[in-house]
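Chains: A, B and C, in written order; residue numbering restarts at 1 for each.
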Amino acid sequence: MIGFLSDLGSWFVENWDGTGGYLNRLWEHIQVSGASVLFSAGIAVPLGAWLGHTGKGGFAVVSLVNVGRALPSFGIVALALPITIRIADRVPFIDSGLGFFPTFVALVALALPPIFTNTYAGIRAVDPDTIEAARGMGITEPRILREIEVPVASPIILAGIRTSAVQVVATAPLGALVAYGGLGRYIIDGFAIQDNIQIVAGALLVALLSVLTELFFAAVERRVVPRPLRRDVRHPSRPEAGRAVAR
Amino acid sequence: MPILLAQVEDSFFRWDWVFDHLDDIWEKVVEHLVLTGIALGVGLAISLALSIVALRWRRTYAPITWTTGALYTIPSLALFAFFVPITGFTTLTAEIGLVSYTLLILIRNIVAGIDGVDPAIREAALGMGYGRRRLFLEIELPLALPVIIAGLRIAAVTTIGLVTVTALIGQGGVGFFILRGLNRFFSTEIVLGTGLSVLLAVIVDLALLFAERALTPWSRRRRIA
Amino acid sequence: MRSFARTRVVGAALVVLALIATACGSGDDSTEGPTIKVGSTNFGEQEILGEIYATVLEANGYSVERMFQLGTREVVNPALKSGEIDMLAEYTGTLLTFEGGTSSTDSEQTWDDLNAVLEGLGLAALDYSPAQDKNGIVVAGEIADELDLEKVSDLAAYNGELVFGGPPECPNREFCLIGLEEVYGLSFAEFKPLDVGGPLTVAALEGGEIDVGLLFTSDGVIAAKGFVLLEDDLNLQPAENIVPVVRQEIIDAYGDDFVDLINEVSEAITTAELQELNKRFGLDAEDADALATEWLTENDFID
């Protein structure tokens, strides 16, 4: 046990640099995770918000939750490969169907459902009276959506993005199966040569990154969500906020 | 020969291949369901035990959720890969990982479900002379069933997806097709494996939903009313 | 009381019937003994070879369990040593080096040395096949023309410029990166971990993401995709005859009939045939067991 831990320690001391070093692999991991979450959010938040506002598509949302959770990440990553290879063949500015592209496509597919359903649910949950009042005051629909519904729903929307991000970080290791780098390389390559130190190091780094992602989004929440709505702050208008938030 | 190559490579999904291999497919589906069933069964048993501990001694709830939560953040591939040199290419290795991932959600839901039982009912039962054990088994557990099954559904769907990853350590269920399709240019197998996994998850999810309806007739009456 | 007695009679009858059934079931063509667990590592040729041996054993009445696509040699070799699998198709040169010996291009010598090492491990390499499968250093056709590459040593002229792609375990393998660096003095700009001579390596070669790739000399893909197999002019790759490695206990349990059967099969496999089978498995998506059965039938091992 002590031997294992000291070997693990040496691994961390020795392997920080170069293409195969963990600083680079961490960066690769963050790149593909960040890109997929941003891209997903860019699609899912406007779509979920608009559908939530108009009230249509409830059935689609429910199905999406179920199907989304049922998607096997291994399958999706593997499936992305023949698709991205075909696309890369035909589209001139994408030069590789391997590595980043299939990993990105798969992670976007996995990130969409939680962000979409949370946005939809959050917008739907906004007090209808508030919206009626706004309409009565003559505020246009898009403005209602942008300036009232989204801010009010922002805690829930952000929670969806956060859940999605943590899931993406935990799933991105599978990208190593389609020639991507990232922290998954340590797990896959470590398994290939039966090097448990590498596997554990890789797993630890992924766990660390998950925790950092959670902390990052907690910080984002503090910045973005209007103060009266924040769950970690007590405010006279919302005495129930700030109590121990069960995660 | 070149014509054959073009045919296989260009068609994304070949139904004829699927129909030729129905036996193999069935075998893998069964293997998949068995792996899932064992994981859920053992997971539920362990979770019930730990939940009882957590409910009885509240202080243990935080460390229990912390440990199971930590297990949950370990990437599944790493967990399986790590145990291979210790427990070999066996169902046990796969199950160690699969069971670990069910614990967090099941314990959380069991505890939340029991906690959610109306205190008035508990009071009434105790007043009527129910002992702690009978209270738990005959009142609290049945009333908590909807929340527990909700957790079981999530655990089931997650487990079915995770079973595909065990293909990388020689198990796999329908994940076997995904792995083989990936190892040789054969998208049909990948689509098949992925599709079957989704299908199984949806079916099991619905089955558990029906089980919930069947086991909690009292909630049906409330719904109609 | 009466119904109880009846149950006992029925029970006894069932037991007797079961015993008769078992006795009848194990007819003349079944061979008594431990189940032979045939394993394979994680690429197509391994599954095909595994199926060939497994199928011919089954056809001769042995009880067989298949455990295929388990992983790399680092993963499967311990399984063979610990008894989790009983039989594995291996490659003389690489296995000998893996077990700490020194291999050469002499097939017979390598095989003898291998058996000497395996004896102490409770394993035995049965007769080796004329078919060989060596690591093949491959470049895409266009690059071979452009950089005028025919032999592996030609790559030294481009040290530090080219990207090399291969299986993740390549940097650890003497006949892979280690050998290329030490024997040929090559240095690459980058190593990309891909897969074991599979679609990722092929796609990377085709798409130009790697300049040089590791495939296998018995791969059907090389010819099909117009890749150029560079000549191993400094003889880095040793003899890599296909050889079935079996646990001694299985050999002891079954004796000469078993050994002779396996040896006959191994002797009949040729590199050319293996290439054809590999191509059909990898590119035409045919099944390993169907291919194995077809090969065994054509070679008169089964009807």
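Operating definition for what follows: contacts are C-beta pairs under 8 Å (C-beta built on N, C-alpha and C of every residue); 3 or more make two chains touch, one makes a residue touch a chain.
Only a predicted model underlies this, so the values are computations on that prediction, with no experimental measurement involved.
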Topology of the chain contact graph, where touching chains are joined (line, ring, star, complete, other): complete
Comparison of A-C and A-B (more C-beta pairs in contact): A-B
Central chain (by mean CA position): B
Averaged-CA centre spacing for the pair chain C and chain B, given as whole angstrom: 35
Computed distance of Cα centres, chain B from chain A, in Å: 22
Approximate Å spacing (C-alpha centroids) for the pair chain A, chain C: 41
Residues within chain C bordering two or more other chains: 71, 75, 78, 195, 199
For chain A, residues that touch 2 or more chains besides their own: 81, 178, 188, 191, 194
Sites on chain B at which at least two other chains make contact: 84-85, 167-168, 179, 182, 185
Sites on chain A touched by chain C in the complex: 19, 81, 85, 88, 95-99, 176, 178-179, 185, 188-189, 191-194
Chain A residues within the chain B interface of the complex: 66-67, 69-76, 78-79, 81-82, 170-171, 173-174, 177-178, 184, 187-188, 190-191, 194, 196, 199-200, 202-203, 206-207, 210-211
Residue ranges of chain C in contact with chain A within the complex: 71-72, 74-75, 78, 167-169, 172, 190, 192-195, 199-200, 203-204, 207-209
Complex contacts: residues of chain B adjacent to chain A: 12, 70, 73-75, 77-79, 81-82, 84-85, 154, 157-158, 160-162, 164-165, 167-168, 175, 178-179, 181-182, 185, 187, 190-191, 193-194, 197-198, 201-202, 205
Touch list for chain B against partner chain C, complex: 4-5, 8-9, 14, 17, 21, 84-85, 88-89, 167-170, 176, 179-180, 182-186, 188-189
